[in-house]
Amino acid sequence: MSKKSYRQAINEAIAQEMRRDENVLVWGEDNAGGTGGDGEQDAWGGVLGVTKGLLPEFGPNRVLDTPISESAFIGAAAGAAATGLRPVAELMFVDFMGVCFDQIFNQAAKFRYMFGGKAVTPMVIRTMYGAGFRAASQHSQALYSVFTHVPGLKVVVPSSPYEAKGLMTQAIRDDDPVIFFENKVMYDDEEEVPDDPYAIPFGEARLTREGDDVTIVAIGRMVGIANQAADELEKAGISATVVDPRTTSPLDVDTIIECVEDTGRLVVVDESHPRCSVASDISSIVAQHAFKALKGPIQMVTAPHTPVPFAPELEDAYVPNPAKIVDAVKVAMA
Amino acid sequence: MQLSRDELIESYRVMRTIRDFEERVHEEFSGGAIPGFVHLYSGEEASAAGICQHLSDKDKIASTHRGHGHCIAKGCDVRQMMLEIYGRGEGLCGGKGGSMHIADLSKGMLGANGIVGGGPPLICGAALTAKYKKTGGVAIAFVGDGGSNQGTTLESYNLAKVWNLPVIFVVEDNGYAEATSSSWSVAGSQMDRAKGFGMPAVQVDGHDFFAVHEAAGEVIERARAGGGPSLMHVILNRFFGHFEGDAMTYRAEGEIARLRKEKDSLKIFRTNATQAGLLEDADMDKVDKEVAGLIDDVVKESEKATPPPLEKLTTDVYVNY
Amino acid sequence: MSKKSYRQAINEAIAQEMRRDENVLVWGEDNAGGTGGDGEQDAWGGVLGVTKGLLPEFGPNRVLDTPISESAFIGAAAGAAATGLRPVAELMFVDFMGVCFDQIFNQAAKFRYMFGGKAVTPMVIRTMYGAGFRAASQHSQALYSVFTHVPGLKVVVPSSPYEAKGLMTQAIRDDDPVIFFENKVMYDDEEEVPDDPYAIPFGEARLTREGDDVTIVAIGRMVGIANQAADELEKAGISATVVDPRTTSPLDVDTIIECVEDTGRLVVVDESHPRCSVASDISSIVAQHAFKALKGPIQMVTAPHTPVPFAPELEDAYVPNPAKIVDAVKVAMA
Amino acid sequence: MQLSRDELIESYRVMRTIRDFEERVHEEFSGGAIPGFVHLYSGEEASAAGICQHLSDKDKIASTHRGHGHCIAKGCDVRQMMLEIYGRGEGLCGGKGGSMHIADLSKGMLGANGIVGGGPPLICGAALTAKYKKTGGVAIAFVGDGGSNQGTTLESYNLAKVWNLPVIFVVEDNGYAEATSSSWSVAGSQMDRAKGFGMPAVQVDGHDFFAVHEAAGEVIERARAGGGPSLMHVILNRFFGHFEGDAMTYRAEGEIARLRKEKDSLKIFRTNATQAGLLEDADMDKVDKEVAGLIDDVVKESEKATPPPLEKLTTDVYVNY
């Protein structure tokens, strides 16, 4: 056990699974970084350094750079997975999904069903999401809602270094296609993370705190923000349960419903665009299955229905923050 | 690459099976027994047969919406294929895939594909598996002339070359993508495109099994030996419309009748094989009869077979969850 | 006024707008059909004949076939729209979005915002959606939920021939990118449709009937199915309001909320996959903004979380039908 | 294509402005004044300047993530560009776009682009507008060597040729896509790829304004005359990292210093222009001074300028609704 960053935690999970299973391969743009050049070969380890160190340990047969051809190399992950490898491929920013989505949602996601249960497609797509990086409209989206919409995909949004390691381990061991969302603002966040491998099962939410008055369900980086809000609420005498679903697909509906049945109130915090989002999804499930327990209107704290702006002041106003959550809780309790 | 007598008969059987399968599906579709979007491979048999003759189960192929021929040539069970096209529970995909999604991974058949250009990226992955695991296998992506304009296909050319993968890209150029002529829609040429990505390429008459077989042998050999990807530009024709229901008014009058007369790969095979003294008419007559019986049987069985049970609607989405 | 099919209604709207404005151009795969061949040049008019007849009237400078290169020609629509044309481009089946989504959601949808309000992108993407055609997993999806998630796109799902003509007219006149969803099972549906051009404004729902007990919001083809359900409910003494939002983005939230305030109950019918769907979206908006009015749990009638199966019996079980809606209404009223 | 004295001075001014703009952005970024992902064009000036010298507002360009140079060469306001990069309300896009999304449609600049390969499809549309409206305009898509492997780019080659559009695809090959060498990632060659799609192509030294200018003149002329698309393969180098913050350990030691010495397009321009007797050093010294002043002014103004008001967060999503 030692302090590790979110970046290190992910790197360690991948390295450990590569040691454990020689069929785990890693590829993506500059996942080594330096191929074909005269300088360092492990120069980048991915654009923000998450895969750095894998090339020296595992060599170029297992850590591959790619041309900028997402359809080809993400599709190659699906084809490799269906034929016996367990690839971990990187779609650098999830914003780039638009050039390769077919290989994800029509191919990898549907093989098993279309082929009558006879295919297995154990692949992980690592991808970065989220605003707050001053990266503007095409490098800041959340988009896990879109992947959650698609049957056949598992969608993971880890909220801390500990979570990231355990969920990545599970993602690599899982026999279905997994989309693993890394929040780029969190790479330097640190916490205690066990050195040994461990897997966190999918579809099991965790409660970061338990309270009586309101249930706050938050996704990814928003879990930390929700906990900050809960601290403030506590000062005002309001006690909150905070639920981190960990995976939006499968979603741990039971835990969410139990919590709402205990508290009678629900606030969902999601940095996506609001329409057809995970926030709306969770809200609607509760409105359908825990209606009787509800004592007030469900509240959603999301980004507005706009692209992500560049100017830091606007971007800061774009993302949910503790104050907005506190306000929403107050409306839910009014 | 000299084929044995048995191999030749087998190849002819593949072509005859494809032909009869497709002609019969055409009939049954017209009669309303078969639902859905169905794209037939009649006329193109020599391509699938000539190429897949070189392959075993360790070799992988990815097909297109026009997939029946590739499936048969790659060894998929014909009975289960027909059941699948009828949407039956005993079908190769349990009735959940249908004509455009027939697959049998155990045979190295990674699926027909409803997405034009869907296969080439997948096949790069299958080739990487073969290369990494040193199976000696190759991976082949079939695309149409129309599919050769899809970005996913073009990207795959580059990836296959850059990663030096044992891939063959087979462009089956039947002159049309739906109603649009490939003479218009394909700028440049398939051969020059291959060169653009540093790949060797070969152009071949896709009505001639022997020509296809020989050309395929060379590119497959190169791939198996670690020499990287190649492209085959196979020129051929389809005897039916784009899909069942297509009135084909975009084709010149009499074109199909002429093609059936002059460009029938089964007739051409028979002529060549007998003239070269490799087979006798009786060999092929025998196959014709056996295949006719087989197709009759599988259609009869498919008609009577039952649909998948309703609870199958929600199974097979995930391995677990 | 005369009986026209859904197909004819769309064709007529496009033809009339092309007469009205010479900057309206049409393109897509086989939108003429026959280019480069020796036979008929207007052979197809799109795969199901919607644009047939446009080539003879408007000529090859205004009705263009394309190679199978969706990124290039859908992107070309965005580029043409930003420079002064008003293209109507076809993405044949919405299932094919995966090969060209970037040009839609990162380019066309975001120009105006990213460029500080200085771009106008008046384009229409026509696309087919929906199950029931025996077309299996990759030709049967709904997917309008994914487009509704994206700020900058307007999403239209017409529920009848009359609606289709008026909404297509508006789509072409609209100055924002519009995704126009045509249900392929409805092309031969007929009703009275005015001969003259008319535009139906976006974001204004219509009520196909008004009742006291329950509000049923239904999307596209589901509006007809919901009306069938309402007929049956009437026999059981339950009177329903049926709301057709017409456009899922913008969504007429006010009308939906008013109806729920009147009836106290909500059932949403949407043939999408359920997660992060338009059904969940509408449900969540009501749970947030009309909570006090709700007398029972919100119900969603959607497809299951599976790809679309091929076998007709399974496909029929996949799509919502009147019986499922009736059941849902009974749960909502229990 | 002989350029007048004024035109030459103007072209030099464009190159000098790009250089100073970028060197200053580099400094200010390092100092923490500029947020975000910033990709600098230093070293590549002759490409943007040599090509855009032929263009007027009716001609359209689509750029890349490395867009500042193209913007300046196409006439975007330098003051508003700097304000935009600082995220200010007075920026060219109201501070909502930032470095990767600078655009000015009124100047025919359709935007930098955060998506590699995002521009070529757009430019096909812009070219169709020009062709349909008979404006005489051309449309130019800049892509990098990395972007030349994106399917969207390759598809656009085909569409431009099939539709016979007045398009130029300019592949600015600076040897790297991020840290990956183009000698590895680009199979085949840019020239052969163009041929694969039936397009004429020309390769040119991108450090030499005069060479770029001449080559561009020819392909642009052809496009204006209805002769369809062409490709330019421009070979050049970037002086900074992929983006600000890149330590460039993938480059050989001393590479940048050598490039700055031997491959500086401004120095090369000066030498060529003076040796040919076209301009005198004093002409260029004057421009240098003016540009230095301009950049100083716009940075000072940008530092002091205010962010967009918060209510701008939700405006400009739609024209109406």
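As written, the chains take the letters A, B, C and D, and residue 1 is the first residue of each chain.
Here is the rule we go by: a contact is a pair of C-beta atoms (placed from the backbone, for glycine too) under 8 Å apart; a residue touches a chain by one contact, two chains touch by 3 or more.
The model shown is predicted, which means the values in this text are computed figures rather than measured ones.
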### Task
Chains touching chain B and chain C alike, please list them.
A, D
### Summary
At the largest C-alpha centroid distance from chain C we find chain D
### Query
Between chain C and chain D, what is the separation of their C-alpha centroids in Å?
39
### Query
How many angstrom between the C-alpha centroids of chain C and chain A?
30
#### Entry: Distance between chain centroids, defined by C-alpha means - chain B, chain D (Å)
45
### Intercentroid distance (Cα basis), chain D paired with chain A, Å
35
### Query
Which residues of chain A are in contact with two or more other chains?
66-67, 69, 71-72, 95-96, 98-99, 102-103, 106, 113-114, 136-138, 151-152, 304-307, 309
#### Entry: Where chain B touches two or more other chains, by residue
93, 95-97, 101, 113-115, 149-152, 155, 158, 162, 184-186, 317
### Query
If each chain is a dot and touching chains are joined, what shape do you get: line, ring, star, complete or other?
complete
### Query
Where on chain A is chain C touching in the complex?
71, 95-106, 109-110, 113-114, 136-138, 145-146, 148-152, 249, 251, 272-273, 275-281, 283-289, 291-292, 294, 296-300, 304-307, 309
### Task
Would you mind writing out the residues of chain D in touch with chain A in their complex?
35-37, 84, 87-89, 93, 95-101, 113-117, 146-147, 149-152, 176-186, 248-253, 255, 307-308, 310, 312-314, 317
### Message
Taking the touch rule as given, give the residues of chain C at its contact with chain D in the complex, in rising order.
### Response
25, 61-62, 64, 66-67, 69, 71-85, 87, 102-103, 106-107, 111-120, 151-152, 154, 174-176, 202-203, 250
#### Entry: Complex interface listing, chain C residues touching chain B
29-30, 33-41, 43-44, 47, 65-72, 95-96, 98-99, 133-139, 304-307, 309-314, 317-318
### Touching residues on chain D, where the partner in the complex is chain C
60, 62, 91-97, 101, 103-106, 110-111, 113-115, 118, 120-130, 132-133, 139, 151-152, 155-156, 158-159, 162-163, 315-321
